[in-house]
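Got some structures for you, see below.
One chain, chain A, links the two complexes that follow: it is found with chain B in the first and with chain C in the second.
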Partner chain A sequence: MTFLQIVEGPLFYFAAAVFVLAAAWRVFGLIRMGRKRDISPPKGSAAAGFVKGNLRHFIPRGMFARRTWIHIIGGYSFHIGLFVLFFFGAFHIDFIKQYLGISWTPLPRWGFILVSEIAFAGLIVLWVRRISDPVMRLISDWDDHIGTWLTFLVMLTGCLALQQSHDVLRGIHMLFVDIWLIYFPFSRLMHAFTFFLSRGHTGATYGRKGMNP
Partner chain B sequence: MQDTLFKPARISVGKLVAGFALLLVLLMLFGVTQTYAQSVRAPGNAVNLDDGIEDGPSNALGDDSQSDFWRNFRGGDPNDIKQMISALPEGAVMTTTGEHWRLIRENYIRKYAGWFPLGVIGILLLYHLIKGKMRIPGGYSGNTLPRFNINQRVAHWFMAGVFIILGITGLIILLGRPLIAPYLGKEVNSILTSASMQGHNLFGPLFILALLWMFFKFVRGNFFQIVDLKWIFKLGGFFGGHVSSSQFNFGEKTWFWIVILVGIVMSVTGILLLFPWLVDDLRWLQLSTILHAGGAILLISVLFGHIYVGTVGMEGSLDSMLKGQVDENWAKAHHDLWYEEVTGKSATESADKEGIS
Partner chain C sequence: MSSENKAQIAVDKFLEFTDGEVASFFEACVHCGECAEACHFYMATEDPKYTPTYKLLPMVKAYKREKAPLRSIRKMFGLLPPAVTEDELREWETLVYDSCTMCGRCTLVCPMGIDIAGTIRKMREGYAAADIVPDGLKRSVDFVKKTGSPMGVTPKALLAQIAHQEKETGIKIEVDKQGADYMAILSSMEIMGFPEIIGAYAKIFKKAGVSWTISTKAYEATNVGVQIGSGPLAKEIVTRVVDAAEELGVKYVISPECGHAYGAIRWAGPNMVGRPFKFEVVHIIELLDQLRRDGRIPAGAKDGRKMTLHDPCQIIRRGGLLKEPRSLLDDSCSDFVEMENAGLGNLCCGGGGGVSANPRAADLQNAAFGCKADQLNAIDGLEAVVVPCANCRTVFEEGLEERDMDHLEVLGLGELVAETLKDIEQAEG
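The block that comes next holds the complex of A and B.
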């Protein structure tokens, strides 16, 4: 069995299983935790607050927008870029088709390159801000740095293998994908699945009190 | 008894085979030499016969100079400057600029490129061994001044990150064949070069973005001033003595303009190499690879000096880019004019009070 066959075969199946099961277990655990019953009479809709809380946090508040524009641009560039790269990269669609049998129209190569650059720029900006801002540096721990670097390495090794001329480069990319999948559920990378719960929780709490979340 | 007298000689099979092989070799050698001997000497009974082939034209080589002929064949009229800058010299049948480019790349750039960064590292090591770390006079005061805001710091580290990736991948592309292939093998070099090429092409456009960001965030304060002459005459204070300077000293300003100007050259030549169909004349691409490699070596070499002064070479420097704040004593020692501008206090008087020389 070659290195590529291992990282795309048994190791990938193991990593994917850990990712799905552990991520589902964490999300389910959070939902199951519930919250203390609020016995005060509701002044507004908690459900509407949940939705509003999620939507409103996509746009920064006016007073913070000027101070955090780097964070906002970097954050959106990286997250949207990564989403598009993953779901619309031709190689990824081929890979998904290989396992799930479904496919859709991929981005053209130039589009993939352009989106990669936007995503890389965003991720680098986010990380250098993390080390350059004293407050960010103080509240960041190893989990933040490992999560960022693992994601960066997954993206970087993927782009280094773009020529598709050496199996070992694809194998290295897949190895980092496997590590990333295993690390994901036990780290803050889980915010990809939990951000809507935390925003929704705050929104619902405020919404029930009749306040703007 | 008879058996004893007529006992057959015992010859091993191995000896028999070896003897036979030796005989065969000698026969072959004899045969070969005979063949060659026949090919250079006509047999004794040989006669010259009329084979019906007519003699060729006389003076086939001609009377013209062969070197002139081939020079014109390659490059047209060598005295016509206009022809030298045109795509293909008029009258020329072939162009040899590609060969010239290859020779420059192989014999100069690839041969010496690695020595410049190594030389700078050597000089810095020597300096550090002799002079040691440049300490803050009077030590840390505990009071800090804001030096770079968050946007400037992020712009700086963004450029640094992109530059490191481009530098490593670029060096592998440029020097992989002479430095990696002989030691790690052609296969490893091929893998590294393929990966580096993709990475370099991908991060190249981000360098242009970083360059623009750096320019707009740092251009203010980086214009040269008269006070910079003192910095030059005192060799930046690296060999002793105090040197006055404003927000940025001569060394920092020079580094800034090297990054910007060489960065523009790198960006333009990089775009041409990334999109070669933008130009019709191949020689622009050949020139681009030479300028791109030369610019990269210059930037990487000077970068080591920048990293040295910003980290282990000068106490307190890194704080400006990590925290955005610098110690007051650091500011008085290295940027006294800026200190006075920011605080409104005299750097010399307050230094005297605190016993800083």
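The block that comes next holds the complex of A and C.
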């Protein structure tokens, strides 16, 4: 069995299983902790607040933009870029088709490269801010740095494998993907799944009060 | 209580209060640091330790060590945080009590929508249980236990203030009136510092034909239990009001111009007592707005001074009463201007959440008020600021005096409404 076959075969299956099971366990664990029923008379709907809270926090508030513009630009560039790369990269769509049998229209090659640059720029901005800003230095821990670096390496090796000229480059990319998948559910990368609970809980609390902060 | 015991008591409370909501906050925080940019304590000092999410660290550590899903796997790799110690709790005490007014502004900027203010409130439960609390708040608790009021306001002192206001207004104020529709509760600060609000209620309610009373058994709205983080004490204070209101058979209890008092009785109250009340809780601003819309307190000549409105955090941002004060001000003031970021995003005065009752935090509170002073200074020709919270009002008066800005008049909303009632204008005319 070649290196590529291992990282795309048994190791990938193992990593994907860890990712799915552990991430589901963590999210289910949070939901299972529950929340005491609020018996104060409501002014609005908690359920609507849950949804509104989730949607509202996708959009940064203008009043803070002067103080937070670096984070806004870095955060949006990276997250939107990564989302587009993952779901619209031609090789990713082929890979998904191989396992799930579904596919959709990919980005053209020039689009992939452009979006990659935007995503890289965003991630680098976020990381430089993390190591240079006094607030970020104080609150950051090893998990923040490992998550950033692993994601960076997945993206970098993905770009190196873009030419598909060497199996070994594709293999290295898949190795980092496997490591990333295993690390993900135990790390702060899980915010990709927990954000909706956090926003939703706050949204529900305020929704009962008839407002949407 | 030994050192180990104190830490364990605090940790046990942290875990008790870490439900699915709080756990989701801890799990979603990505350490982006945005919350610092919304916190007036960080804005005033630029000290990173005032970053709101950092203030939660001992509680987060306790959660990760004792309650977080998948912690057993992390433990196998030696990745659990160390146990929380009493020294650590004491080191964090000033962050939890002195530098957080639980204003909730950080939630607005948080991409994850984390309610850090509400979590600090729960974290204080652990601190209070372990008796690691500021002396100033302890003194308030002692006063409450002795007199029912954090400033030691006795029924005799209340009756004296009521008698004085009856004399001022010429209106009889009914005390302990069985079967009244409304029962007003007041904050100690109002009773002793701004008693004219009692006269304002008398004028407004007489005009509106509202049947109201004040109970000598439960007149105190200030809930120091919420400020210090003691659930049992908070419940005791709320229960006193509930018992008195249900004994008098009132339909409504009026929460005063006091920030946290509203949240304590309106939103947290039934949950603390464990049952719905037999009456409704209505904030005075809500009631005034309703009476105005019903045409029962028509506005007369407007106050012509250039005025702005301070948004008390617990009433506006965390209480949901955003439009009502503005509607009342539009009727009462001819030159009303909003300050920058007014409404949901307005800055806290710096003295809420028990900070103003904590002398140790005085300098920090004053520094944080500097952000508010900047907002006021940005309005040219400002003559008065309406502050519908007695605690904020005291902080304003002290902070403005400190900055030689005491030419600005600080007034309550109820008083302004009373002064600009149609009848008053006609009487003076």
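Please note the rule applied: the second predicted complex is superposed on the first by the 212 of 213 C-alpha atoms of A that agree within 3 Å, B and C clash if a C-alpha of one lies under 4 Å from a C-alpha of the other, contacts with A are read in each partner's own complex, and residues count from 1 in each chain.
FYI, a residue touches a chain if its C-beta (ideal position, glycine included) is under 8 Å from a C-beta of that chain, and two chains touch if they have at least 3 such contacts.
None of the values given here were measured: they were computed from a predicted structure.
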Quick check on the chain A-based superposition: chain B and chain C, clash or fit?
fit
After the superposition on chain A, what angle is formed at the C-alpha centre of chain A by the C-alpha centres of chain B and chain C, rounded to the nearest 10 degrees?
120
Just chain B (first), just chain C (second), both, or neither: which does A:Leu162 touch?
first
Is A:Ile39 in contact with chain B, with chain C, with both, or with neither (first, second, both, neither)?
second
Which of chain B and chain C A:Thr194 touches, first, second, both or neither
second
Which superposed partner A:His92 touches (first chain B, second chain C, both, neither)
neither
By residue count, which of the two partners contacts chain A more extensively, chain B or chain C?
C
Touched partner set for A:Asp133, first chain B, second chain C, both or neither
both
Give me, in Å and rounded to a whole number, the least C-alpha distance separating chain B from chain C in the superposition.
11
On chain A, positions contacted by chain B and by chain C
133-134, 137
Help me check something: in the complex, which residues belonging to chain B touch chain A?
150-151, 153-154, 157-158, 160-162, 190-191, 194-199, 201-203, 205-206, 209, 321-324
Could you pull out which chain C residues touch chain A in their complex?
18-21, 23-25, 27-34, 36-38, 42, 48-49, 51, 53-54, 67-70, 73-74, 104, 107-115, 118, 266-271, 274-276, 280, 317-320, 322, 341, 344-345
Touching chain B in the complex, chain A uses residues 70, 113, 116-117, 120-121, 124-125, 127-129, 131-134, 137, 156, 159-163, 165-166, 168-169
Applying the document's contact rule, which stretches of chain A touch chain C when the two form their complex?
22, 25-26, 28-36, 38-41, 43, 53-54, 56-57, 60-61, 63-64, 67-68, 71, 75, 130, 133-141, 144, 185-186, 188, 190-191, 194-195, 197-203, 205-206, 208-211, 213
